[in-house]
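Next up: some structures, all given as structure tokens.
The same subunit A turns up in both complexes below, where it pairs with subunit B and then with subunit C.
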Partner chain A sequence: MTIKDAVRPFARPLVIVGGVLAIIAALLPWATFTLNEGPYPDKATLQFFDAPFAVSGFRLHTLILGVAVLIVAFAPIPVRNRIQRALGWGLLAVSVVNTLFILFGGGGLGAVTAIDGAFAFGGVVGIIAAVAIILAANSGVIEPIPHWNNKVPTLVAYAALVVSFVALLLLVAMMLNAGGQGGVGNPYAGPIFLSLLGFLAGVLGALHGIGLTGWISRLSDDHKWFSVIVLLLCALALPFTEAGTDYWMTTAANIGVYAATAIGLNIVVGLAGLLDLGYVAFLGIGAFVAANFSGAAAAKMGFELPFVVAAIIAAIVAGIFGAIVGSPTLRVRGDYLAIVTLAFGEIFKKSAQNDIGGFTGGANAIPGVPPINWFGQSFDKPLTIGSLELPSGVLYYVLIIVLVALVMVVFANLKNSRIGRAWIAIREDEDAARAMGIKTGQAKILAFLIGATLAGLAGAVFAHKTSTVAYDSFQFIESVTLLAAVILGGMGSIPGAVLGAALLLVLPEKLREFSDYRLILFGLALVLIMRFRPQGLVPDKHRRAELANEGAEGVPIDELNVPDDTPGGAKAEVAR
Partner chain B sequence: MATLLQQLINGLVLGGLIALIALGYTMVYGIIQLINFAHGEVFMVGGFASLATYSYVLPDGLKSDWWFALPLMAIGGALVAVILAVIMERFAYRPLRNAPRLAPLITALGVSVILKEAVRLWYPGATAPVPFPRVFVNKTFTFEVFDGSITIGSTAILMIVVSIVGAIILQTYITRSRMGRAMRATAQDPDTARLMGVNPNRTIVLTFVIGAALAGIAGVLYGIQITNVDTEVGFLYGIFAFTAAVLGGVGSIKGAVIGGFAIGLVKTLSGQYLPGGTQYDLVWIFVILIAVLVFRPQGLFGEPERVRA
Partner chain C sequence: MTAPVLSATDVSMIFGGLTALKDVNIELHEGQILGLIGPNGAGKTTFFNCLTGLYTPTRGTVKLHGRTLPSDPAAVTVAGVARTFQNIRLFPSMTALENVLVGRHSRMKQGPVASLFHGPAFKKGEAAAKARGLELLDFVGLSGLDDELARNLPYGDQRRLEIARALATDPSVLLLDEPTAGMNPQETEAARQLIFAIRELGIAVVVIEHDTKFIFSLCDHVSVLVQGQLLVEGPPEVVRGDPRVIEAYLGKPPEEVQAEVRQYAEESPAERTQVIETVSERTQVMKPIREEGGQQ
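Moving on to the complex of A and B:
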């Protein structure tokens, strides 16, 4: 409070100083010598004096953020503080990531201090600029997000949606491609990616601040089918962008499998409020069933079924197991139920490990599951259309996209159906739901059944894609990962589950040097999200309203009526 | 016959260990209805902490004197476990006390992953099982019975004795002492307890402390019995202990101990006599867990289930 009061009289000059400093930081060198593993990208070292204004990479981002802050400071925009705050945090992320990397990954303090009288103050200046901007923006009133009218001509709406989804596609491709695929090939992939992530978060925060993202999301609500089709086309266009490599197609297909499974889990956890800690077992059941019908040498079934038939059988079998696992819900509630599902998951793992009935191959797994083969085109080979050669994972990618789209449609329809409302009612208060005439037992078992079916379907694709189905792909920690994806994205939200799965799989690929810390960071993420943002990154509307004290339009309740600068005075209590 | 007797003894030894951990589960659940998923990891950390006490704190000259080394290791393990539990309670669970039911459970899951990974990453050599010194007197007693012989190690006897004595002390403390009464009051109704002058936060912290101390001691006993510690055991024994607590009736000290011995017996006997052998002994424990939760959620000695969301 005191800092706020002290800063308030100088807020405006401070923001301008911050913006100017950011631009200066972009034009300063960030390291005094070439780092051990080759030049840090984008001429961060003193060599950049050869061409100081040809900035690119993270320094370009710093420049853009600085210029944006200055523009906002002088332009007549009503939500100045909110935008500047977002830009400031983005700038801070970029500066801190790059400075820390140069310090710890590059060559110690010597990397930014004097060598032969040369200084590299870029990082320090960037951090100072960011802190100045954030302090100044926070000292004033954080304005409510303006509400843009979504009653616009259809054509305008379509154009806006197409532009924003194409932009999203390009962003995704850019992020995947940032710094290459990490590892030995590019030792700087991690910081480059994180820095880009920080920059994009800042920009998106600013766009959210002026109400653009809210407007787009309402538009896409109004024109649901159009946006679904455009989104699907954009997803299918990813192989044609710079991210269209073998590696990223394979990774994207993996993400797709997990995303489809996470959406299935989202039905159980997000909609019906039943915590499932053994969910990955259904993915495993689907995978083992598909593997057994695939004609692999180790398969129990001596014959091969077409993939579609095998996938349907896998889904049905998984669904049956889902209903079995769900049946204790009739008598067990809450966290006891979570333990029951965990026990089922462990029973599955133990049985698979011991090759129960000869179906799972035990420790030998089921190797050599053949790739899907349709019309003479094997799915693991590159696809050639005319003169255009597409990378080898692309067919799996397309298949997965179709699967995810299918699962999303199922989820969206269920959510708005009678049974979906019943699930939400059960989640909110089971006794009240029963009193309203909902057959809670049926509804809960159905949630497990449908969730497991979707996971089984994903498992069938998984089996063919990875070609080896082993019990240790389906351990407790995988269930935790899926749960983390659902919670990170936001319980009950479809884009949330996809985003969560994508983040949890892309981040480890990008941050290879931290791969040891992957699980510890998952754990930390679970704890921190539950503490500070229980509604997740892309919250579901109802969820948001109940967990974050927000009104229906996404405006926090304590910002709906801000007469003076004492926000939070009349916070509604979360009555639970 | 000798095999059966031997397996019964093995089961009781394992059961004593499980009971010690189960006490922590049952006390914490009894007072704030939280399944402290991380409790198994606290036990694991206790084992590693006592090993660290042995390796880094204990003077070389005293390492062979068990009467000095063992209590010191137990104190080291319990102390670290207690500190951990207090931090956990303060920063992870307390802020969520009024949150929706699933939030603390998910947090506990996260804490459990963090603890396990932290030990695996930062304890020297913990990526594989770490050998644990045989501190206690290394003596086995062999008895001739009908058609063979059975053996009991001195550590095995220690394990059973410690778990039973620990449970009796705990039961006495909870039923007779002032703080014990405060605990029971808070468990029944925290708001009314506060009106009666009980500090619920302090009482809850104390509950965590007692549970963690017992888990830390269990960690030492596990180490000297099995002669290694592994980051994997936290999850496994956590589940065993939870099953024991549920079987005995969550909230009941007596139930946790009897449940612990029962689970230990189930594990050894099913491994010996049921189809599938030791490969499926875990499965039987989980089957029992599910059956108890479905058909008798209040367990053997618990009070009938209160309405819970």
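Moving on to the complex of A and C:
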């Protein structure tokens, strides 16, 4: 508080100084060696600095943020502090990521202060500018987010939605492409990607601050079908953007498989509140069933079923197992249920490893699952439409987009129904739910059954896409990743699960050169997100409503107002 | 008199060695408001739990419209007994309307398949349930708050919402566990009016309450439960004046207590003189309270 009070009288000059410093930082050198030439140790040809002012260049981002801060400082804008705070955090992220990379990836302190006395203050100035802006913005009142009127002519709404979704598509393509494909050959992918992520987070935070994103989200609520169609079209347009490469199509298809599974898990965890730590087993069951019906040499069944039929069988089998795993929920709750599901996941893995019943191939796995082949077009070959050649994997991508869309519809429809409400009621207070006439046992098993069915469906696609189904694709860590995707994105929210799955799969791809540290970074990121945004990145509507009451200090309302509706005494009172 | 809507016959509940309820009999008639009072730990909530299927009574039966109630809370609710909880147990992250719709659950028929496809019949059922939910919110005085999260409602409104949610199950008997706990006099009065309005709907109501003034001004019939046994029952005027009830709530009249203690002390007088003085001081303090209570 004291820092705040000390800063308050100088807030306005400080913000202006910060903005100017940011612009200076963008123009200062960030490393002592000359870009792309000169003998400074083997880092001299840093591709990192290929095009600092290009779209993915961090110096351009620094410049943009600095200019934006100055514009906001002088323009008559009502939510000045909130916008500047977001821009400041974005600037801080960009500066810190790049400075750290130059220091640690670019040859230590020598990269900033060379022996010959040359200094590169860019990064330091950037950080100082960011801290100044954040301090100044935080010292004032953080204004409430303005509420834009969403009663606009339909045409305007449609135009706004199309523009924002297309912008989203371009952003996704840009982010996937930023820094190129990670790996030993390209150690710069990670920093460029993270830096861009920081910049975009700052800009989106600012747009959120002026109420734009809230307005768009309300518009899309009002015009649900239109936005779903536009979003679907945008997703299908991804192969035509700069991200339309083999590599990204494959990664995107993987994301899709995980997203579909995560949405299924979201029914169990997010809606019904049943913690499942062995969920990936259902994906595995679906994959093995589909592989056995695929006509692969190692398959137990000597015949090949059409993909659609095999996928339906896979879904049903997974669903049956889901109901079996769900049945202990009649007796155990909470932590104990988590242990039971954890055990089930391990049982599945061990069974698959030991080739029980000859269905899983054991350590040899089931290799050679043929790609899906419809109308003479094999799904793993490039697709040629007229003169346009699309990368291989694009058909799987399209198939998975359709699958994810289907799973989303299932989730949304169930959530907004009698059954979905029963699940949420069970999550909130199981005894009260029972007292309202809900047969909680049936409802919980149904949640497991439907969640597992969706995972089984995703597993069938997975089997054909990867062509080899091995037990080690379905380990505990995958279950944890799925759970993390659900929680990170926001429990009970569909866009949340998709975003969570995307982040959890894209980040490791991008951070390949930090392979030794990436789990640490990853864990740190999760801890930070849970600390500062416990409701998830894209929370469910209800949780968003709580956010609207965010206090002046920026503390989420649920931290101030811990629900105190089920003290121990109450539980004991109604327990049998 | 007509056949009772709800009747509990010789209900006993024994937890291990503890007898929480012993041979409790209650009859509830249509349009009746029955008050259940008693000191803390008398077994009121235990009795409620026996009525709603949370507990299965060790002995005795509970019948609704002459049929024995099942021992499953969900089935009891379907049969037509709804309840509220002593400490509010709403679904905090759901909106007010959604809370009421959960109450509507057992009266809706849509299965998983209908929920998956959202066909015309589904939409019709959903719209009807929503309309009924809004009607009930209106009824309890929460109009316009349907989109508010339950956790964000003020305390009194949460109590009302719990009643609306219970009413959504179309009950023939409504059990209210301390509906005015923690309320100020205005809110208590509003709750009283609301319970009268519920009776007008033809629903029989059982109320547990500590506020005897509230109970005596509300109920047609009052049962007093003390240490798991039905002590007194009858119309409020009768119960109010009954010395056993006053004793249960306030202790014995000061003179009697003093006499008893004195007799006790006489048996071994020396070390007990101090006790007598303490007791008489305390009974003197209680005297005005007693008199005030009697005037009501």
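Throughout what follows, the second predicted complex is superposed on the first by the 497 of 576 C-alpha atoms of A that agree within 3 Å, B and C clash if a C-alpha of one lies under 4 Å from a C-alpha of the other, contacts with A are read in each partner's own complex, and residues count from 1 in each chain.
Rule of thumb we're sticking to: contacts are C-beta pairs under 8 Å (C-beta built on N, C-alpha and C of every residue); 3 or more make two chains touch, one makes a residue touch a chain.
Note that the coordinates shown come from a computational prediction; the quantities given were computed from them, not determined experimentally.
By the touch criterion defined above, A:483 lies against subunit B but remains apart from subunit C after alignment on the C-alpha atoms of chain A. By the touch criterion defined above, A:354 reaches subunit B but does not reach subunit C. Of the two partner chains placed by superposition, only subunit B is touched by A:523; subunit C is not.
In the superposition on chain A, no contact is made by A:232 with either subunit B or subunit C.
In the superposed model, A:430 makes contact with subunit B only, not with subunit C. Once the two complexes are laid over each other on the shared chain, residue contacts for A:331 go to subunit B alone; subunit C is not touched. When the shared chain is aligned, no partner comes close enough to touch A:537: not subunit B, not subunit C.
Contact with subunit B, but none with subunit C, is seen for A:275 once the two complexes are overlaid on the shared chain. Legend: residue contacts after superposition of the two complexes on their common chain; A:344 is shown touching subunit B, with no touch to subunit C.
Applying the stated touch rule to the two superposed structures, the overlap between the subunit B and subunit C interfaces on subunit A comprises residues 429, 431, 574, 576. Note for the complex: subunit A touches subunit B at residues 269, 273, 275, 277, 328, 331-336, 338-340, 342-344, 346-347, 350-351, 353-354, 429-431, 476-477, 480, 483, 487, 516-517, 519-520, 522-527, 530-531, 534, 547, 574, 576.
Looking at the complex, you find that subunit B touches subunit A at residues 35, 92, 95-96, 98-107, 109-114, 116-118, 121, 235, 239, 242, 246, 276, 279-280, 282-283, 286-287, 289-290, 293-295, 297, 307-309.
Contact residues of subunit C toward subunit A in the complex are 45, 49, 52, 54-55, 72-74, 77-78, 82-83, 85-95, 98, 101-103, 105-106, 108, 110, 112, 114-118, 122, 126, 129, 149, 151-152, 165, 169.
Taken in their complex, subunit A has these residues touching subunit C: 410, 413-414, 417-422, 424-425, 428-429, 431-440, 446, 450, 542-543, 545-546, 549, 561, 563, 565-567, 569-570, 573-574, 576.
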